[in-house]
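This is the structure I have questions about; it appears just below.
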Amino acid sequence: MASLMRGWVTGFFTYETTKSVVVKSWSVGIINRVVQLLIITYFVGWVFIHEKAYQVTDTGVESSVMTKVKGFGKYNDLVMDVADYIYPPQGTDVFCIMTRIIITENQFRGRCPEARKDFQCSTDADCHKHLGSVRANGIITGACIDISESKGRCEIEAWCPAENDKVKNTPMANVENFTIFIKNSIRFPLFNVTRGNFLSMSEKQIKTCTYHPELNPFCPIFRVGDVLSYTNHTVDGLAEQGGEIGINIEWKCNLDRNIENCVPRYSFTRMDATFTSSPSKGYNFRFAKYFKTENGTEFRTLHKAYAIRFDVMVTGNAGKFSTIPTLINLVAAFTSIGLGTVLCDIILLNFLKGADQYKAKKFEEVSDAQIEASITPSPDSQSSLKPGE
Amino acid sequence: MASLMRGWVTGFFTYETTKSVVVKSWSVGIINRVVQLLIITYFVGWVFIHEKAYQVTDTGVESSVMTKVKGFGKYNDLVMDVADYIYPPQGTDVFCIMTRIIITENQFRGRCPEARKDFQCSTDADCHKHLGSVRANGIITGACIDISESKGRCEIEAWCPAENDKVKNTPMANVENFTIFIKNSIRFPLFNVTRGNFLSMSEKQIKTCTYHPELNPFCPIFRVGDVLSYTNHTVDGLAEQGGEIGINIEWKCNLDRNIENCVPRYSFTRMDATFTSSPSKGYNFRFAKYFKTENGTEFRTLHKAYAIRFDVMVTGNAGKFSTIPTLINLVAAFTSIGLGTVLCDIILLNFLKGADQYKAKKFEEVSDAQIEASITPSPDSQSSLKPGE
Amino acid sequence: MASLMRGWVTGFFTYETTKSVVVKSWSVGIINRVVQLLIITYFVGWVFIHEKAYQVTDTGVESSVMTKVKGFGKYNDLVMDVADYIYPPQGTDVFCIMTRIIITENQFRGRCPEARKDFQCSTDADCHKHLGSVRANGIITGACIDISESKGRCEIEAWCPAENDKVKNTPMANVENFTIFIKNSIRFPLFNVTRGNFLSMSEKQIKTCTYHPELNPFCPIFRVGDVLSYTNHTVDGLAEQGGEIGINIEWKCNLDRNIENCVPRYSFTRMDATFTSSPSKGYNFRFAKYFKTENGTEFRTLHKAYAIRFDVMVTGNAGKFSTIPTLINLVAAFTSIGLGTVLCDIILLNFLKGADQYKAKKFEEVSDAQIEASITPSPDSQSSLKPGE
């Protein structure tokens, strides 16, 4: 019993390694080493240095963006300040600078002729076909009202007078000189690392600088005219019809190096670029300010605002050395070095002079027939099959 | 010295390959090839064709969403247009259509009886226990006020009169016919590819179409009634208490094929589905419009708005051929083909007739004892240990 | 022809396995098994149990957040309710509680002296240098106006009177007792699993509870004072200058277990922590309420609001057993067990007593010279090269 146990233990603690053929041939030898060199280069250069496979990466960056626009515009000779032209006011990552506003003042609920030319009519029948239309300024009643001697317009139940948005007016002046101040704080929850986009700039620097990609790449104050020019657009081109500009803040941090190297990179894109030549280009929205007359009747001022929308988008990832990915990739690297043999074997056994000899050396054949013969006890075959005995 | 160097170089440029046993047995041979076939099938079918392992993928899609709702509702016989029922107005990816509004007009700051039945009282003591309650319409003062002969209500310091939100009123009519127009532009930063959800539709198509999953799957105009029916809900069901609807836009692009095949897929979900039977179902919020009397006193109209909130969510990924992932996966595939041997070895060495013979052929044993003996120079053991000489 | 075909088929269905050397040595045997044990432990413990490599994971959680704040504040002796101090009103994942408001009432468009001390002047020349400044309350006209006997201020074209934001006033009282109610519904699109943060709490529980990390970790109602204390801040510290608080909801779901174990985990961070000692600390924004006089002139009340911004962020991932990742990782595990040989070979062939004997046993040499010789037909060398025949 004890000896059986001992036999099993001895059997368990054996070590099995492959029997190898060492080929002392210059041609295959060189190919083998070159292939191995390529594999090592790939792992060192790409996997370890470029892809930083020895790091764990945190891509789930938590970000907080606060924005503040400053500047004064002139629109129809009226001064416009931030409270007038920014919407929404709370300074989040998405905000609009209204550049052109079509204002329809003193609208009361009632019935009046539609303002749009599509709703011209001469009889009520002309208006019946528009019933239920969502393109008018109100609910089409089906009646046709004379608005001058010769022309009629369909009657609508709506806030009257109806808005006429075909007016051409000049966009607000001075928008290009407005400044956008961005306060961005990020956190990598995996490493509990927090960074802000002020970096270590002094109070004076922050208050007086203006962002420039080369001269001042970390200044958090952006001139609107500059931002638009980085996207190859101008204020004039966007102010008329509106548009959307993306401000990307990219944090790529290698936490194995000094944290001071973990800095933001700003880039700018026109986000509605695909629609610039489409039937529905630009960006606009309607909102109303509500008032009450002395006797309590509600009336409103309707605004159709063409605006430049800014969208501050923050992306980021941080990497830091970690043993587990390092080990896994080291093992992968060592294992892969052996892969060169696949290629070399093909060359050795097929294309080299003396390939057949190499084949004979590498392969030992054993066939069913031989095994069959060996089971039938014949002293001759037995001995030839167990060379290791 | 030179010959030593030369010896080292010769030693370096050698090629080591495993010595193999070729088993000419039908059973193991077939198993071997079948296993290899399965592995190849897995790599070709799953890894390469299904998972597109030959591509690099960009999942960090940048997206811009602009929305515009059109349509006219009737609420308490008053016409409601977009500026009245949409909040927030700026047409972003999240917007609410207010379907039922409880309006409390002409509120002034002061003291008045609470409107809610929970705050009925007969003595001041009844109200003292509510001190600090956040469920009233204002700060409980602790006093009990008679509001009719028999009943009393706790006094509050608040905007008076207090809101009574138990009123039952009919939601806004015609919401199902409202249309939502979605302008979505995406960019894959890795490949710098930009796409818009208008695709190559003509101006006329975009202005007149309505989305339908089969007939018109790319139309960017959605009827509210349709969107709700795709989520198996109706306007009637949501308009009363409010709710949240998700509109998903999914872009899955294979950039190795024609860019025209990179199209959006729309889908719709009720996002607050888990709460439909919970104590706090639906969606509502309060806001106020502020007015001033002639003498400058501020007063307000309080709105409690039940709304359907729409949330346009954009997801996307794009893949494009790249040499590095292709090479890595090809190497992985070739390496894995060799893995069949693990299974076949188990069969060959254990379950096949003549397993012992195969074992003898595959394994050469060498034990400590033998090595021990061979170190002590004895011509006999020496020769038996170096068969390759 | 048939025999040729048959020969090819026989040749195809062969099985090639490596010839191995079994070393019966205790030292290497034990090292070998220990290395294998380490590899198995790594796969079982880390890859399978910790990293759950047998699951497919859905990280693209779809989330819907609805928030509602309750509570009454007192500001300048005026009662403030939700409609007064919350912005934006629609109860989304980002909302602000305004804690200190600098109100400038009855502003009309016109010209008046700037309120800020930086714009003191004695002559017009002093004001010319400020032309185009964005730090004033309006457009600097270049004139200097006397405001008292001795002092002058630069004239601005703006909404007058200009705001004086250097006023020190006490923040709104009672903010710490406000409650935030969060309704969060999530969906894992891959598994079509939906969960809400009410879990299976009863109506009464939800209406009366208050969140506590240990006692009540699933209650969806949060006291503002508590939330701030979890981030090691106080209402007093934030109410003066404003700030941003992140409320993280984390869903980590193992769908192989009971769905009831799929619960949210709340955590809280001060998101603008990096800026607390910076020149531009806190959070504030400006907005205006617009009014009209009897004769139709627009005037406004400007608010500069210092606010605590709350940002509810939802992250989540769900895993579920799937055959494909399980198979891939099992194969990876089995393959890796063989990797121990690399280490053992190094020990066996270099550091063990009798290393040379092992080398001789493991390696069979074949050189160019031998092959060369064998090609030249000499019966002697021929036979020595084909031992398997």
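Note that the chains are named A, B and C in the order they appear, and that numbering of residues resets to 1 at the start of each chain.
What we mean here is this: a contact is a pair of C-beta atoms (placed from the backbone, for glycine too) under 8 Å apart; a residue touches a chain by one contact, two chains touch by 3 or more.
Computed from a predicted model, the values in this text were never measured in an experiment.
Novice: What's the rotation, in steps of 5°, that superposes chain A's Cα atoms on chain C?
Specialist: Angle of the fitting rotation, chain A to chain C: 120 degrees.
Novice: Counting residue numbers used by both copies over all numbers at the interface, does the chain B-chain C contact come out same (over half shared) or different (under half)?
Specialist: Both copies, chain B as well as chain C, present different residues to each other, with under half of the numbers appearing on both sides.
Novice: What's the distance between the Cα centroids of chain B and chain C, rounded to whole Å?
Specialist: Distance between chain centres, rounded to whole Å: 15 Å.
Novice: So which stretches of chain A touch two or more other chains?
Specialist: 16, 18-26, 88, 291, 294, 361, 363-366, 387
Novice: For chain A, which residues count as touching chain C in their complex?
Specialist: Where chain A meets chain C, its residues are 10, 12-26, 60, 62, 64, 66, 68, 70-72, 74, 78-79, 81-84, 88-92, 105-106, 177-179, 181, 183, 185, 187, 194-196, 198, 203, 206-207, 289, 291, 294, 324, 331, 334-335, 353-354, 357-358, 360-361, 363-366, 387.
Novice: What residues on chain C touch chain A, complex-wise?
Specialist: That would be residues 16, 18-26, 28-33, 46, 87-88, 94, 96, 109, 132, 134-135, 137-139, 157-159, 244, 246, 248, 269, 271-275, 278-280, 283, 285-288, 290-292, 294, 296, 300, 302, 307, 309, 311, 313, 315, 336, 339, 341-342, 344-345, 348, 361-368, 370-372, 374-375, 385-389 of chain C.
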